[in-house]
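Below: one structure in structure tokens.
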Amino acid sequence: MNIISIIAATLLAPLFIGITNQTKAFFAGRKGPGLFRLYADLAKLIRKSCPRPEHSTWIFASAQPIALASVLTAAIVFPWNGPASSSLSLSASAALFFYLLGTGRIFTLLASLDAGSAFEGMGSSREVQFSTFLEPIIFIVIGFLVLFSGGTSLASLLSGASTAAWTDNAVPIALAALAFYVVFLSENCRVPFDDPETHLELTMIHEAMLLDTAGADLAFALYGSALKFELTAAFLAMMILPRFDSSIIRLLAVFGAVAAIAIITGIVESTMARLRFLKSPLALIGAALIASLAIFFALYR
Amino acid sequence: METNLKHLLLVLTPVLFLLNLVHSFFYLPHSDRTEGSHHIPHWLYYTLMTAFFGAMMFALTASSLPLMWVAVELTTLVSAPLIAYRREKGSLEAMWKYLLICSIGISLALFGTMLVLHAETTRSVRWYMAGFAFILAGYGTKTGLAPFHSWLPDAHSEAPSPVSALLSGALLNCSLFAIVRFREIMPPEANHFCDTAMIALGLLSVATAAVFMVRQTDFKRLLAYSSVEHMGLAIIFYAILCMTPANVPHMEFLAIAFLVHIASHSLIKTALFAIAGNLLLAFRTRAISVVHGLQVSMKGHSWLWLAGILLICGMPPSPLFFTEYALVMAASLPVASGLLIFLFIVFAAMMKAALSMTMGKPLAMPEKLPKALGAMPACAITLLFTAIIMMLFA
Amino acid sequence: MFLLETIFTIPIITVGLAAAIHATAYIHGEERRHFPRFWGFFISTILSMAAVILAGIFVAECELPLLVAWEAMALSSAGLVAFDSTKKSVRKATWIYLLACHAGVAALLLTFKLNCSATWTAAFFLAVIGFGLKIGFPPFHSWLPEAHPAAPAPASAVMSGAMIPLGFYGLLKFLSIHPMTLTPNFETVGWTLLAIGAVGAVGGILFAVAQTNLKKLLAFSSVENMGIVAIGLGIGFLTLSDSNCSEKIHIAGLCFGGALVHVLNHAFLKGALFLGAGSILRQTGTLDLDKMGGLMRRMPFTGALFTLNAIGLAGMPPFNGFIGELAIYISAFAMIATGDTTLVVAGFVAAIALALSGGLAVAAYAKAIGGAFLGLPRTAKAAEAAETPRRMWIAMTILTILSVAMIPASICFLRYYANAYATDALTGAAIAGGALVALAVALILVRRFTCPRGGIVTKSPTWDCGYHAPTARMTYTATAITQPLVDFFRKFLRTRKYIIPFKGAPEDPTDAAIATETDDIALSSFWRPAFTYIARLFQRAHLLQNGSLHLYILIVILAVLTLLAFALAS
Amino acid sequence: MLTFSEIILALFLLANLALAGSGRLTHAIRLVAAQGIAVGALPLLLWDWQSAGIPECRLFIIAAVNALVKGVAMPMLLGYAVRKINTKRELEPIISFTLSRLIVFAMIIGSFAIAARLHIHETVASELAVPVAFTTMGTGLLLIAARKKAVTQVLGFLVLENGISVFGSGLLIEHGIIVELGILLDIFALAFILGITIFQIKRTFSSTDTDKLNNLGDTHLMHPQRHHHRTHA
């Protein structure tokens, strides 16, 4: 069961990106690239060779596989099946999950610096700034979940609350979810913070770091970000969803919720303009305040 | 305590005298060559030096208190011409101040002696206390306790370095001994006043030394203020010894620490003054800012100077570390904290000077010094550690 | 038995050994003349650190040996700091370092003087100051960013890896003098350490982010890591102070264990990083990150080892730096889970401080690795740099191997120390780390097979958005990488910008640049003004010794009258 | 006899007032000489002739030597020095003569107050001797601190010593003849050395104004123009 859900998750990941893009196309009145576009892209890219910048080193060569490996590991430790997950997932700490995502980030960062391009440097410098602000918000949210659920492992945090507890804590949960949604947008380089569609522009963050990445490496990078999108969305989904007794229903519910989040993200991206860079940290600090508010609600209810 | 201190000083003073006498044999000729020959004749120098030594021994062994006064006054008289070994403006001024301030001080001490002697007949505590106040001021002047110390930096910096060393290492102790002698005959009712006054003066001395060492520009004055500091420490030490009841177990340890403090200070300071004198000869200046980069230009002296400064600041393995530890542990909290703060400032100021002198690139190349000049400080420090080892095994 | 002693002895031996190997090659050329001085101070530093450990065992009976060893350690390491004795900055650093050490001993003297149950709290705060001056607790850390760049790299490695943590050893020994019955004190201890640790962890790494001098960066990162250890210990004591928590012994064990593990991790990782910084200095002659670049190709072993250790110290899985932090995270979460308000607040403070410092650490080390090793060389010297003699990177390898060994070792240790509390999570982290490595290898193999032509890669110029001939001057410098972050915290960091004007023709501004310098805020805004103020004040008092005999005699008269009045009044 | 000693002591006080207000060097030296002779005579005057009989010859010797040294030798030495160094015959005051007199007057009152605190209850003479001694010492210190010339400082020092001697003889403190002579010898030698030093100062500084004697000190940084560390070419 566990392996099946992990495999399902890894296979489904590009689909959710497709859902978001389709939603955006719908709002823009376009036909859109189709839900399965990313699969095709990946299949094409994986078979291409990877030209590398002249001055790059083993860091550049190994960064994308390592980055993807870390996201995959995060997918492995993620408790897809709630209490019925594998013992590894059950015991894993939330800190491990997010630090694994961080490992991926630092290698992407280093690779972009290795290329020695001014644009990639710019992207990495921004990435560094945003991830710094994200980290505390994530841990405030985790702290809230710990307080709420009483457990410390990722699985117990995301096991979902009983209906009574859920209704009692609707406000703090909603606040925490809102804060985490901001984190989700920033972490996955979505619109108010970054624009995944705008390769080759001075305004981008994540994609800028991949300017010199090509071929299979680019496939790894794209797939990694899709998987990260799915994982963080699943985290958000499991925060909100109540407790389910059956694993399968639970898994389906999670994927359904992730799809919903993908659609919402598409809507958000279609309706919002990108923030100015100087404003972005302020938005993240706002999210931190929202998350803290959730804790106060939970503590002094 | 009195007899212990006396015995110590009776050993220490001749040792210091001999060290400085031998050092003078090498120092004076070189000094005359580099600094001009306008000085008192050598025979007079050595005569006065010996007389100085004699007067100090006389002060230590004098049977009665007035006789001790005579002896201490005598030390002033014979050491004054030594300070003005070279007849030039600075040393004359220093000698004049030394004579005048110390004489006033010593007159006050005479007055105090009379008060105490009279109190012996009347047994009046008031008289004892008034007498001790004058003794503290009078002999305190000679000991170099603040605020009576104003002659000390001038005299120590202007005198030839063997004389400075002897003044700092031996003379100050002798007058401290005079205070101790008087303190021992005070009646118990006067204890509180005596000890408080001694601690207050001691703290003031340490504080004054700290204040004047900060941004000090003259390395011999730096050492002079360090003497003020250590005399302050010694008198606090003694006051605490007096305050500690005799049956306290660490009393004996404290008493030994007091003696060790005095002996170590004398030996280290002698070494330091000798090094300072050599540096003065080599660079022809006492300015800290000119002596720079000894590590490159005078390696041996650089190490000696650093070692000496660290030892006098009470860095282990300096015995002063242990004595200061004992002092802080025995002192009351405000005194201990005050002491630690001022000692820290002293350390900061001394290290600043020492590092600026030893490290860096040399600004001026020093003159070549005869090898024998470096022997004395090394000798003094070796002596110090020999003494420690002897004490450890004794 | 002797657990604490063992843990704090390990870095002394290992980092000391590695540093010694490194030093044989680090000190080269003209400097070899000073070999006796270096080795004299180096060996005495190691010996005095061992003496501190030994003296710590008997601290409850007699504190004097500890104080002596402590001073000896300070003195001999000051000799190492002063090694490059002709430089002005080194002189300044030596002075500051000696002052810090001496002030520490002064505080410790008072600590032991006050160490009885009535004045225990005062003694504790003094101990925090005294040992904190060695550990680098803010605001007493100011000597670190001065002394580390001044000292030869092997000395920095030993000082940062082995000596600084001895402050914790001393602090824990001090706390162990008094029996566990003084529970109310645990709260004081806990909150103090937690607050100091949180400020140190976040503030330290924030300043590290802003540095362009590699060793200063590493020094500030030591402040951060010591802050993390303090956080661990702090929440441990807070847990113990809580009376109604059933699992408190286990949670506290995990906290303490995590802190101790982090001490070791930091020792190995930071030791290797300082050695790496030394290798760079030796080969390029600079520590300025903006003047390096592209060293990974020229110094492959040093570069790879530095990179691995830096990522490890940033606390990223699968490296060992993560395990200690994870233990502290888990215990912080466990504290939050208890629902007790005190513990919840403490847990949040700890978790947020750790998270923030973790995020900033990524920035700092990305800057260090990126600035030094990646991209293109920015100066001729960096372009000409060659790999170091073999034993220099072997020394780093030793420490790196130890770091890797720390992963299973620390899990075993924590299992033993925390009574198997939350061992699953730690083991899980290790397994996940293993999985990560395995997956990465697998993916690289996959790429090899899917790529056409058997994975032979083509090299092309860097794609710089249309500009086809990127030069070294176009790549992002270390300063530039963290510029947005530094700019965001400018009020706190007070970074100064220097515009280096171009010297050539205006139409070809090839040598214009911007350099930044970030001073330690405690030094520039507190210590230096305070010291200058006191010095000025004292200098004004020098008027009392203005040479006028009349004034002197007036002072004598007044003093005599005061003494007399005191005598007659009492 | 006791009343006579009281008159002498009262005259001492007047001499102090006169010294404080004296503007001429020779005049001041004469006053000090007079004080010196009085100090020498004081032990004999205070001697209880009726009951104690004729004192030992020791007392006479001490009195004679005291009077000789303090009343004759040292003033002569000073007078010689003044003539030799050819200094101006005025005392240059830092504190004006009037103010100095007022200060001495205040000292007299203060001394009586201090003496009262000390509870003296032996002889009538000593009751007066202690405050007189205090005042004389104070006047001496005042002269040292508040007059510019080096010679005046020596003069002040002699007054200070006179005050101490008054105290000693007033309380009939006996040191024994050797100590007594030793003390005297010390003071004489001191005066002698001070005199020689004044010559040397005159020669080196071409002035005996003590204002010139303030080159040593710790205020160099505040007065950089005075910063002169000895550097020989």
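Note that the chains take the letters A, B, C and D in the order they are written out, and that residue 1 is the start of every chain.
Please note the rule applied: a contact is a pair of C-beta atoms (placed from the backbone, for glycine too) under 8 Å apart; a residue touches a chain by one contact, two chains touch by 3 or more.
It should be emphasised that the depicted structure is a prediction, and the values quoted were computed from it without experimental measurement.
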{"item": "Remotest chain, chain A as reference, centres from CA atoms", "value": "D"}
{"item": "Pair joined by the larger number of C-beta contacts - B-D, C-D", "value": "B-D"}
{"item": "Central chain (distance from its CA mean to the mean of all protein CA atoms)", "value": "C"}
{"item": "Chain B and chain D, separation of their C-alpha mean positions in angstrom", "value": "30"}
{"item": "Intercentroid distance (Cα basis), chain B paired with chain A, Å", "value": "74"}
{"item": "Inter-chain centre distance, chain C versus chain D - centres from mean C-alpha coordinates, in Å", "value": "68"}
{"item": "Geometric centre distance via CA averages, chain C-chain A, whole Å", "value": "32"}
{"item": "Sites on chain C at which at least two other chains make contact", "value": "539, 542, 545, 549, 553, 556, 564, 568"}
{"item": "Residue list for chain A, restricted to those that touch at least two other chains", "value": "none"}
{"item": "Per-residue overlap in chain B, given as positions that touch at least 2 other chains", "value": "96-97, 100, 104, 126, 130, 153, 212, 215"}
{"item": "All chain pairs that touch each other", "value": "A-C, B-C, B-D, C-D"}
{"item": "Contact set on chain B toward chain D in their complex", "value": "34-36, 64, 66-67, 69-70, 73-74, 76-77, 80-81, 84, 87-90, 92-97, 99-100, 103-104, 107, 110-111, 114, 117-118, 122, 124, 126-127, 130, 153-154, 157-158, 212, 215-218, 221, 284-287, 290"}
{"item": "Complex contacts: residues of chain C adjacent to chain A", "value": "293-294, 296-297, 300, 303-304, 307, 311, 314-318, 322, 325-326, 329-330, 332-334, 336-337, 339, 341, 344, 347-348, 351-352, 354-356, 358-360, 362-363, 365-367, 369-370, 373-376, 422, 424-425, 427-429, 431-432, 435-440, 442-444, 446-447, 450-453, 455-465, 470, 472, 474-476, 480-485, 488"}
{"item": "Touching residues (chain side chain D, partner chain B) in the complex", "value": "117-119, 122, 137, 141, 144, 150, 153, 157, 160-161, 164, 167-168, 171, 173, 175-176, 178-179, 182-183, 186, 189-190, 193-194, 197, 200-201, 204-205, 213-218, 220-221, 227, 229-232"}
{"item": "Interfacial residue positions of chain C with respect to chain D in the complex", "value": "539, 542-543, 545-550, 553-554, 556-557, 564, 568"}
{"item": "Chain B partner contacts - residues on chain C that touch it in the complex", "value": "64, 67-68, 71-72, 75, 82, 85-88, 90-91, 94-95, 98-99, 102-103, 106, 109-110, 112-114, 531, 534-535, 538-539, 541-542, 545, 549, 552-553, 555-556, 558-560, 563-564, 566-568, 570"}
